[in-house]
Every structure is written in C-alpha cells, then in structure tokens.
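Just so it is clear, A, B, C and D label the chains in written order, and each chain counts residues from 1 on its own.
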Amino acid sequence: MSAPVRIGAQHIAKHLKNAKGHDQILRKVTVVHLKDGYCHAEMNVSEEHTNSLGTLHGGLSATLVDNVSSWALMSHAGGEYPSVSVEMNMTYLKGAKIGEDIKIEANTLKVGKTLAFLEVFIKNKSSGDLLVKGAHTKFLLR
Amino acid sequence: MSAPVRIGAQHIAKHLKNAKGHDQILRKVTVVHLKDGYCHAEMNVSEEHTNSLGTLHGGLSATLVDNVSSWALMSHAGGEYPSVSVEMNMTYLKGAKIGEDIKIEANTLKVGKTLAFLEVFIKNKSSGDLLVKGAHTKFLLR
Amino acid sequence: MSAPVRIGAQHIAKHLKNAKGHDQILRKVTVVHLKDGYCHAEMNVSEEHTNSLGTLHGGLSATLVDNVSSWALMSHAGGEYPSVSVEMNMTYLKGAKIGEDIKIEANTLKVGKTLAFLEVFIKNKSSGDLLVKGAHTKFLLR
Amino acid sequence: MSAPVRIGAQHIAKHLKNAKGHDQILRKVTVVHLKDGYCHAEMNVSEEHTNSLGTLHGGLSATLVDNVSSWALMSHAGGEYPSVSVEMNMTYLKGAKIGEDIKIEANTLKVGKTLAFLEVFIKNKSSGDLLVKGAHTKFLLR
C-alpha cells in the first residue's frame, strides 16, 4: 500500500488547465512554488479579474485565498485529505489595477486532527505592497 | 441638478448581462428584490459554480456575498456612492450541490460617514437551511 | 442515567457571582432570557468596562460575545457539551458610553457534529442602535 | 508647537498600573519592546485570565489583541492619533494553561489616511507554538 501523494505545482497547472468548475477563473494563475505547506503563486491582473471600478475584484481575491491556501494545505504532511472551508476572512488594504503582477503566498499555520489553519498574503509583485490579507480555516475530511 | 439615482433590480440584470469583468461569473444570478438597502437574489448551482468536490465553491460564495451586499448598499439612501471593500468575513455552515436553488439575502446594517456595514445569508431556497453567512464592511468614496 | 441538564439563567447568575477567572469582569451582566439556543443578557456600562477614550472597550465586548454566545449554545439541544472557540469575529459599528444600558443577544445558527455557529448583537437598549456584531464558531468536545 | 510624542514601553507600564477601566485586567502584562509600529508584550497566565475550562479565556485574548495592536499603532509614525476599532478577528489554534508564559506580538501592516491594519500573534513563549492569531482594523480619529 502506498502513502498518499502530496500535490506539487505540476498537479495544479494540469488541474487549472482542465477545470470546468469555478477554478477555471484561475486559469491565468501560475504556481511558482508548492511544498511543505507553503504555496507561492502569481497572476497578471486582466479585465476578467476586475470589478466595476476596474480593479481586482474582492471575490476573485477570495477565490485566490481559498485555492492557494488549499493547495498549500494539500502539500503539507498530514494535509493530503480532502477538506472544506469553515471560515475565510479577507482584509483589503490596497487595490490592484489591470496589468499589475500580483504574488499570492499561503502558509499553513497548523494542521490539527480535524482543523487546519492557513494565512494568505496577496502583494504587488514589484513593489511588495500588501494588497489583501486572508485567513482560512478548513475542516479535514479524514 | 438631480439627485443620484438609486439602483434597482433591472440595473443589475443589465449589468450582469454585459459584464466583462469578474461579475460575468454571476450571469446566472437573478435579483428578485432590491430596495432600501436590502437585496434578495437567487441562483441555481451549476457545474461552473463548483469546487473540485462538486459543491458550491467558497470563492463563488464570496463573490456572491461581495456583489449582493454591494447592490444592497447602492439601493440604500446614502449608499449610492462608489465603495471599496475593507473586510469580508465568510462562515461556511453547509455545502450546496449542483442543481440546488440558493437564495442570497443582504441587509444594510449601517451606513456611516465613511464606512458601511452589511450582512449576507446564503440559504437553500427550498429547505431554508443556512449555507453561508457573510459580513462585509465597505469604505464609501464620497 | 439522567440526560445532561441544559443550563438556565439562574446557573449563569450563580456562576458569575462566584467567578474567579476572567468571567468575573461580567459580574454586572444580567441574563434576562436563556433557552433553546438563544440568550438575551443586559448590562449597564460603567467605568470598569471602558477603554482610554471612555467608551465600551472592544475587549470587553469580545468577552460579552464569547460568553453570551457560549451560554446560548449550552442552552441548545445538543449543545450541552464543553466547547472551545475556533473563531470569533467582531464588527464595531458604534460606541457606548458610561451609563448606557446595553442589550446582548446571541442566537445559535447551527449545531453540527463537531462545530457550532453562533451570532451576537450588542445594542443600545433604549434606542435599539446596533453597536457590535459578533460571530463565534466553537468546537464541541463531545 | 511640538510634534506628537509616540508612546513607548514606559508609557504603557504607567498606564496599566493606574488603569481604572477594562485595561486593568492587563496589569500583569509587560511590554518588552515597543517601537515603529511593532509591540512585543508578555504575560504569565494566572487564574484571573482563564475560562471555566481553566485555560486562557478567549475574551482575555481578544483584549490582548485589541490593546497590544493599539499600542503598536501608537508607536508608528502617523499612528499617534486616537483610534477606534472597526473589526477584530480572532482565530484560536491552541489553548494555554495557568502558569504558561505567553508572548504577544503585534505588527502594523498599513497606516492609511483613515484606516490602520494590524496583526497579532499570541504564542507560548518557550515552545513558540502559535495559540491565537488576531487581526485588527482601526479607524483613525485625525
């Protein structure tokens, strides 16, 4: 019997390419690094990601927080199980415009018996300015 | 000089039909009632709204919370100004599967000088079960 | 073997009177109604509850949200188990001054197998103005 | 006319010693370092800080998050103004028992024109285990 395989960046790339669910809106996301509970992804903001003010939509940011932290969790020892969201908290510090490159970083803070805790930072890639801070608590379906 | 026009359900329908930004993922949303800071919208969950477990995606729910509460705010006296998100908190109580009809209700709790506070409930339309509770704090760009 | 006894208002009054832990700061709280997952409590704001601006301290409000929702949960069928906090989110809409009577109301939104979800509203008792909105997610130690 | 004086650790020690409001419950807190938007404080958990399970009370943790982040903000260039809470989000990862030394660290993420964003980590001082993660958004009364 083999141990569960932890996911890597190439799994995500393949998944996004073929996604038919809501994840298809992340098709322009590139996973740069994914290992041991940490995920670093990047995306160039384009029109499809924006709200009616022409800036990064808060719901798209939330989808980034949800997915990138879930990928981080799946790359963590003990986090290979399917999981569902319990809480997700978003703080919006600064907007992002079309053409900006953003960097999304997720860390696994703790994986317990039934709950996992993650945090996410979305930054402007060139300036390093913090745009969005996210927190995500998941329930593990062991 | 005329007073600012508060938006109504028909404005949203037209907006969603022509949306080129992230709002296009809400094209299957129908606004049933929108007046005086309250918005009631509905949607049938289909594959494009789901996560890899086949249930309503937490990021799509977040987009619903963001938009439906923003529409509620724009229909409120004193809320006609453009606004940006400051915080958005999501609590996920129960999942929703493909084919389920969901009801999204947003209330304006307070519109202050610079901040507005809103709450959102996403429910299963037939059973009334609470699926997602959202809170949204916005900054008014007066 | 007897069924677990759900707590009532008189249990809380006795508990607060004898509290040696942090709950002692709630000794001026009166539980008006406690039944079936709902708790209504009241308090007159005095100097010991205030911050350096002379208004209700956000940490005292958080303690009210924590305790009043936990009491509500303990009065719910299926909520008699000890529980610990997972998340608590506070939104501060308006301040309260010394001498104001405040009303704290907690509702149990859902009691699942391992998680319970509660919401709390702190209002000015006479005007009904919403001062603080709290959300509390607890883990049941069955 | 002199510039506003940013507070330091000694101001907090004096304030806590004489506090008559809710801050008096923090009289056992020591501020180790307070400068440029960062605050590091410590406390030994004693009975007065606990809940009915004998562990650190979630409301006391919330008061720590509220105050330590507010001190951090007051030590930041541009954060010397009085401010009030808008949002405070708490995530509880692990409990703390009587006798444990805890470390509270607050960082200022951003000070904008009207809003300031802070984050707080409460850890077990010896093991470094994360106990509580807090987020605090404040409104500046300029």
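As a working rule, a contact is a pair of C-beta atoms (placed from the backbone, for glycine too) under 8 Å apart; a residue touches a chain by one contact, two chains touch by 3 or more.
Worth saying up front: this structure is predicted, and the values here are computed from it rather than measured.
Interface comparison, A-C against A-D: more C-beta pairs in contact at A-D. Subunit A and subunit C have Cα centroids separated by 34 Å. Centre-to-centre spacing of subunit A and subunit D amounts to 29 Å, using the average Cα coordinate of each chain. Among the residues of subunit D, those touching two or more other chains are numbered 86-87, 89, 91, 137.
Judged by the touch criterion defined above, the protein chains are all mutually in contact, each touching every other. Those residues of subunit A lying in contact with subunit B across their complex are 15, 20-25, 47-55, 57-60, 62-67, 82, 84-92, 95.
The residues of subunit B lying in touch with subunit C in their complex are 87, 89, 91, 93-94, 109-110, 112, 117, 119, 130, 133, 135, 137. Against subunit C, in their complex, subunit A makes its touches with residues 86-87, 89, 114-115, 137, 139.
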